[in-house]
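Following are the structures in question.
Shared between the two complexes below is chain A, which has chain B as its partner in the first and chain C in the second.
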Partner chain A sequence: MAERPEDLNLPNAVITRIIKEALPDGVSTSKEARSAISRAASVFVLCATSCANSFAMKGKCKTLNASDVLSAMQEVELQWFMTPLKEALEAYRREQKRQEGSCDFFGKRDSETATLIGQFDLSCLLTRIVRQLLIPSFPPHPPKK
Partner chain B sequence: MADVVVGKEKCGEQRLVSLPLSRIRVIMKSSPEVSSINQEALVLTAKATELFVQYLATYSYRHGSGKEKKALTYSDLSDTAEESETFQFLADILPKKILASKYLKTLKEKREEEEEEENDNDDESDDDEAES
Partner chain C sequence: MAALAAGKGAFREEEGTGGDAAAPQLHAPTSAPGARLSRLPLARVKALVKADPDVTLAGQEAIFILARAAELFVETIAKDAYCCAQQGKRKTLQRRDLDNAIEAVDEFAFLEGTLD
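Up next is the complex of A and B:
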């Protein structure tokens, strides 16, 4: 699938917000500077990916995984990224476990816990089912006679 | 927009990062030899990119000349790319600006040098022919 040039750019609004939150209050950023940072961020993704891929290939693995990305950050001398990245990874894994656990109320949990979890997340589960199955192909209501 | 909406309801990956994972994935996949990407690697790359944007902006501002005016400018970024080892990989995409007149002058000087060299080479080959 060929990428269009704009697909390789990151959204300006998000980049602008990240810059604004990083800089002290009252500091303005020129449009040219914001555009340059956005381009730099895209190039960074490519560099990080290429570097992580080298680590994956060394380990004879075709899939890029988290440890490849972490090794890549050390390789490009951004060691101080390690702590926040590891924290983000832990938070992501905890969230994944929570989501898996909450939908598993037919399975391994005891009946009382399953009921509580089931009630709490039933609306979340039903929303997912509706979105995934019904919305694209939902037929319109037939006209009332 | 869709990514942000999905992110709010996914209650997981997107809250950890602001950048849209789908776009990060497109950029990563455009790299040759990358076949598949684990979801954790995708989330970490997005988070690392956010940290990078913050780092580039704050570093350039602190070391740049726009500090007096409380502004971050393009020249602050191009200075960073030139001077800092960490950001040197950005030197090609954040080149320093020069005046067009200065560039044309440099180009003209370069052409004159090349013409002089060619003339010197022609003179040498003429001398060789005369001797033989």
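Up next is the complex of A and C:
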């Protein structure tokens, strides 16, 4: 799927809300400044991804994981991000475990940590499960002569 | 710039000691079921990660942490830019405040020349 330029921008409404909550009441932000901060955040994600990927490749791992991102934060000297990020990660894992507990119908979830880029698609997963259920356990009958 | 550095130190401490506690409960990472853990949509962050040709696979946790880090980054840079606006006795953040903050803070050096 071709990436449109706007796909690489973060939503303006969310960026505006984050800025508003970070600043004291009564402080406003010009449209130009908001737009620049949004672009800066996109550049930040791209740089952090590249740095994290370097750590993943050093560990001979093809999958980018949370510890690679945390290492990247230290590498770019944003150590003060570590505590809130670790707390957020713990909360995220607790939430994932809670959701897993309510998804036992399909049995134990397969390795959930690796998500192939471009295949994060629930419909593909469901199709695979249905196919597995429909495949007969014995070989098909030979064709009639 | 000393004021900016001092302000930077104060803001860093606030973030380090659970600055999220001051944020509305809905946005803070909590263990309450259904609580929103990330304000930025993970799909958009994933699109940015996917834009890197060297990245093959990315775990969901990595996408989430990048989203959360981006939020913290936006908060940090907004606060640093506000320090510059305060020095100019203004209550409206302008683009030049952001440029000054990028120039003043070493950690934002990667942004130089990228926002034009």
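Definition applied: the second predicted complex is superposed on the first by the 103 of 145 C-alpha atoms of A that agree within 3 Å, B and C clash if a C-alpha of one lies under 4 Å from a C-alpha of the other, contacts with A are read in each partner's own complex, and residues count from 1 in each chain.
Keep this in mind: contacts are C-beta pairs under 8 Å (C-beta built on N, C-alpha and C of every residue); 3 or more make two chains touch, one makes a residue touch a chain.
This structure is a prediction, so every number in the text was calculated from the model and none was measured.
Superposition of the two structures on chain A shows chain C clashing with chain B. Of the two partner chains placed by superposition, chain B and chain C are both touched by A:F44. Contacts of A:T83 after superposition: chain C is touched, whereas chain B is not reached. The interface of chain A with chain B overlaps its interface with chain C at residues 3, 7-8, 10-11, 14-15, 17-19, 21-23, 26-30, 32-33, 36-37, 39-50, 52-53, 57, 62-66, 68-70, 73, 76-78, 81, 84-85, 88-89, 91-93, 95-96. Against chain A, in their complex, chain B makes its touches with residues 9, 11-13, 16-20, 23-24, 26-28, 30-31, 33-38, 40-41, 43-45, 47-58, 61, 70-74, 76-78, 85-86, 89-90, 93-94. Those residues of chain A that touch chain B in the complex are listed here as 3, 7-8, 10-11, 14-15, 17-19, 21-23, 26-30, 32-33, 36-37, 39-50, 52-53, 57, 62-66, 68-70, 73, 76-78, 81, 84-85, 88-89, 91-93, 95-96, 99, 124, 127.
Residues 12, 15-16, 18-20, 23-24, 27, 29-31, 33, 35, 37-41, 44-52, 54-66, 68-75, 77-79, 81-82, 85, 91-95, 97-98, 102, 106-108, 110-111, 114-115 of chain C touch chain A in their complex.
Residues 3, 7-11, 14-15, 17-19, 21-24, 26-30, 32-33, 36-37, 39-50, 52-53, 57, 62-66, 68-70, 73, 76-78, 80-81, 83-85, 87-89, 91-96, 98, 112-118, 120 of chain A touch chain C in their complex.
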